[in-house]
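In the part that follows, the structures are each spelled out as structure tokens.
The following pair of complexes shares a single chain, chain A, combined with chain B in the former and chain C in the latter.
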Partner chain A sequence: MSEQFQVKADPELWAKLDMDVERFSNIPPMLTGVFNDVFLSQENRPQGMGYFDNMVSNIFTGRIQEMYDAREEGRPVVGTFCVYVPEEIIHAAGGVCVGLCGGSQGSIGDAEKILPRNICPMVKSAFGFKVGRICPFFQVVDFVYGETTCDAKKKTWELLDEYVPTHVMEIPQMKRERDKKLWVEEVKDFKTAIEQQTGKDVTETELKQAIETMNAKRKAMQRLNDLRHHDPSPISGRDMLLIQQIAFYDIPERFTEKVNELCDELEARIKTENYVAPKGTTRLMVSGTPMALPNWKLHNIIEKSGAVIVNEESCIGTRYYKDTISTDGTNMEQMLEKLTERYMQIDCSCFTPNDDRIDQVIKEYRESGAQGIIDYCLQFCHTYNIEAVKLRQACEKEGIPFLAIESDYSPEDVGQLQTRIEAFIEQIQD
Partner chain B sequence: MTIGIDLGSRTIKLAVLKDGQLDSWQVVESSFKPHLQSQELLKAYPAKNIIATGYGRHLAKKHFAQGVITEIKAHALGARHLFPGCRTILDVGGQDSKVISLDANGKVSNFQMNDKCAAGTGKFLEMMSTSLGYELSQFGEAAAKSSGNLGIGNMCAVFAESEVVSLRNDGHSPEDIARAVHMSVVDRVAAMLERIGIAGELVFSGGVANNRCIAELLEKKLGRTVFVPKVPDIVGALGAALHQT
Partner chain C sequence: MSEQFQVKADPELWAKLDMDVERFSNIPPMLTGVFNDVFLSQENRPQGMGYFDNMVSNIFTGRIQEMYDAREEGRPVVGTFCVYVPEEIIHAAGGVCVGLCGGSQGSIGDAEKILPRNICPMVKSAFGFKVGRICPFFQVVDFVYGETTCDAKKKTWELLDEYVPTHVMEIPQMKRERDKKLWVEEVKDFKTAIEQQTGKDVTETELKQAIETMNAKRKAMQRLNDLRHHDPSPISGRDMLLIQQIAFYDIPERFTEKVNELCDELEARIKTENYVAPKGTTRLMVSGTPMALPNWKLHNIIEKSGAVIVNEESCIGTRYYKDTISTDGTNMEQMLEKLTERYMQIDCSCFTPNDDRIDQVIKEYRESGAQGIIDYCLQFCHTYNIEAVKLRQACEKEGIPFLAIESDYSPEDVGQLQTRIEAFIEQIQD
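So, the complex of A and B:
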């Protein structure tokens, strides 16, 4: 299978999306190589990963074609950068939601022609993708819905708007009653913006349906994450990260079905004691900033150093699916209220205070049977970086081995990271 | 007989252990093919058990070593062997610096490494000594001659270099500037130490620990004794040799 894997190309489709086709043509072969090295070199992967590998194979072709067709049918295709933007509303309107966070070093240079260098690589990578016209997802969206979480993002939206229509949702910085009220209003504005795009109102039935769809997706991911906590691990951290990344660009119903199929397989694997890492393998949990596709750097280093990752406390991880929306709401007003309640539980470091997150990290550490926490912070992400201080204090108090890592997408610090991670594993094993 | 070999970024260090005690050692500049060079060095010894550490540890494992441990663990083992009361280690090498905390049993409990930046490393001292026209080996002595308290504001090696040039142009003596450079390294590593917290005996290892001026300024700054091994370069190699024995 590894010989056959290929990230596919479709220059015709890319041309229709006004991409820099010539430049972009180098990307699929490059991604094929990296994917082979990081994923397909693993032994005894679950069969069910085949679907997700295929999603990678079609990442610039089949999936883009589906989104392109949706757009042609007049369904809104919305790009987002934060798990705070309520996908349910997009789905209720028949639209497609896609996460546009950038995880690649390749577009940083494009961004740095315009943006200052000392900002988060996620923002730079995404912005560079648009400026260089080298991301088909960015090219296929009708508009972007940004938010006011961190400074890097909220100020970049002003510049991004010159390239693609960019709306901005105000996300409060605190979680008091008045902040929640403000945010309900923002959610309503968001709904209006989507309705304006489609030219028709979202009905209660449509929203109810969408809430159920997204709840089912989040529940499937919870189920998968519970299963992967089994000691020994039935699935690698790399594969889990990939699935959680694909959650941001796949069709929800299809994705849910495939995740549940994989869960069935993992249940069977656990019964027959078929694992990916032998008993006694060091179990680590990663917390912190999201790892957007194709950012597999840390997971690759950790697992190639002989440990297995058993949890990701991140927006491309548990923060995306730990909470579901209560279906008690019967009318539109109530449903939106329940929706905002769920979203307000997201414990992002952009909020203050954010002690719930510290408790959540410790809780996930215990549930996952991890033996240590590696806190991952993208370079120049001040909120997560500062919050790592509190996390370290909490871990010291609980006697949890803790390692904070700050890194970007460049390969320069790989050697250094390897040493630190291996030393951390030694520290746990001794 | 066990051999520990530390393939660092600038030098290769080798420590030979006989009956649990350090028997002999070597420190050589590393070349472009450190594993071949190491194998050449190892020819002189009949040892079968070779443990590698340092940046080149995996390369060594691939070619000749029986086992690998990280620099962190190696320093913990080595420093503890030399100073049984050691609970904190400062290691300043050619390209990086690190601080390690040990628990009462000598187990690593926390560590921090200075990434991505030459400030507070041997490289920084080397660059500054060159721009002041000193041999690296005499740089510390020159600095020790000064009793001034000139300071350098820039931690970044690139900016610090031009600052050194302008201090010279302002007529400051090379000794005073040398001391300022040393002080900037001391400030940097002291901050790392204070961040991690110092407990028990503090052992200072790595090539830069040969520079007496750094150790003395650090003692003054921290107000505590800094223990420097006789051959501070080989603490990692010694620790590697001690592993599994």
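So, the complex of A and C:
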């Protein structure tokens, strides 16, 4: 498989999406190269990764075609940037929810022609993709659903709206009863926005079904992450990151099935003691800000330095699937309330206070059998960056080795990161 | 007066406030030097500035002693960082409200031992003042009232609370009916916090009186700013900035009286055509982030480059006093609602959308007879920094010369700023 892998191209489809086809044509070969280096160079990968590799191969073609077809059928295609946008409602309306978070250096120059330089690379990357018309996902969506989780995103949506309709959901900054009240109203507005797009109401049956579908997806990911915690590790951190990234653009039912198939395989591998990293490999956990596809920089450095990553406490990680929605709600009002309660459990650093997250990181550290935490912060992400102070304090108290890293998508700091990470691994091994 | 000016010292008082007296003793002479250079070197200043110069002279002594005495009398002394904290409630309880925003480079090193470097200098400066025990204001307060207007402040309060009790008020991110509902609840909580501090309830009569007092203060500042808009200018931008800074730590009634006296003097000066800048001096307006005392950097550069500043669209500027509270409310519930409505009119960039602010900047530009706008953004302030994109677009549309500047408190960029500002002034004069 590894020799034949390539990220496919479909200039005709891209032209239909009003993309800058000429410029974009450089991207698939570039991604093919990086993917070969980061993923296909690994040994003894689980067979089940074939499906996910294929999803990368089709990332700009087959999957986009599916979304294009959905839109042609009148099903809403909604772009999001955050785990707080309740995708259950999109699925209930027969729609497609696609995470648009930008993870690439290539579009940042486009963004910096308009946006300030010293804001988060994810926000810049995403904005640049739209401005440059070099992201088929951005081009295929009916609208974007933004939220107010951080200053940079909140203010960038105002500018993005000039390029693609961008609705914004207010996420409160605390988690008290009055905040929940506001949040439920926001969820209801979101439902209305989706219904306006489709021209018909979401029914209780549809929402119930969508909640079950998404719960099943999140449970499959929980199962996978539990298996992955086995020592020695049956799957690499890179492969796990990839799966967690694909979770944001695959069809939920299909994805769930494939994750569960991979889980079956990992269970069998554990029984036969067939691992990807030998016993004694340093086990690290990553916490912090999300790594949007194709941001594989830190994982690549860590695992090529000889450690294995055993957990991601991140939006593209456990924060996306650690909680499911209670199915106690029977009518629309109750279901929306239960849904909101689930989303309120997500412990993004945008909340204050947010001590639950500190506890959660320590809990995941214990459960994953990690030997140290690397806290990853996207450059200029104030909330995670400042919260890292509290996290460091907690780790010091618990005697957990802790390394805080702030980085962007550029290759400039790779050497320096390598040095720091290798020193951290040595310190753990001592 | 100018030869005798000095910022006074009171080591005994500082020791009672548990300050780092030895280290702090360097500050008054340093501030004396800067004040002489920035303010007392100006010619033909209004007589009425004597009071405000005196407030600076007593900034670490007489005024602190007054606050100390208030605290000894059981009156609450509350530190704030934002124009969204409703000071009427503090005054109604007989308390003292003091703006703590840090405007100095001297405490940033203390902060950076704990906080990330790449956040707003105002937040770092303030946090460093407390950590280093080198700010008598911080030491004299009973507690700090923070808010959630930006990521850096919101998350820093969690850390500040380890040094001084820090209550946080949630400010919503939009301005719809549901946001107002939440906001009114926050205001009520604030009232409760003050009442818990004093041990007695705020009465309707007290609140009514405090609203009138603060309305009178804001109206005096409006009057002063209107007079200052006269062409030629009867007062410098530096002096205006100083008065607007002192507004955050003086006693309201006394301050109002002195501002009105100065207004009388300026009216007389306008009649006799006695101005501080000759007809034809380039008139600039500053918009953007607040300049906390002693941050006089930009004003000093601009006015020493030969222009005069005729308006500050800023929290330490018009945002603090452009709106007053409707006195239609007769009972507590109504008064708190009217109060909240007034605070909701403030157009901080933390809101989305925030087009009202763009309109307000243009309006103030017209009213002040400015010939160009310098938008000032504290480094790493994402909300103002990104909003500057929209502001630039609006200025281009209106044909208004516009210069965006991002800076911190360090002297390193002074030369570069000077060059840019001189070029901007030349461009306007052409």
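By definition in this document, the second predicted complex is superposed on the first by the 430 of 430 C-alpha atoms of A that agree within 3 Å, B and C clash if a C-alpha of one lies under 4 Å from a C-alpha of the other, contacts with A are read in each partner's own complex, and residues count from 1 in each chain.
Criterion: contacts are C-beta pairs under 8 Å (C-beta built on N, C-alpha and C of every residue); 3 or more make two chains touch, one makes a residue touch a chain.
What you see is a predicted model, and the numbers here were worked out from it, not measured in a lab.
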Chain C versus chain B, contacts on chain A by residue: C
Contacts of A:E426 with chain B and chain C, given as first, second, both or neither: first
Which of chain B and chain C A:E412 touches, first, second, both or neither: first
Touching partner for A:Q334 - first (chain B), second (chain C), both, neither: neither
Doubly contacted chain A residues - partners chain C and chain B: 406
Of all residues in chain B, those that touch chain A in their complex: 55, 69-73, 96, 107-109, 111, 113, 115-116
In the complex with chain A, residue positions of chain C that touch it: 114-116, 118-119, 148, 150-152, 154-159, 168, 170, 172-174, 178-179, 181-182, 185, 349-350, 352-354, 379-380, 382-383, 385-390, 406
Chain B contact footprint on chain A (complex, rising order): 406, 412-413, 415-416, 419-420, 422-423, 426-427, 430
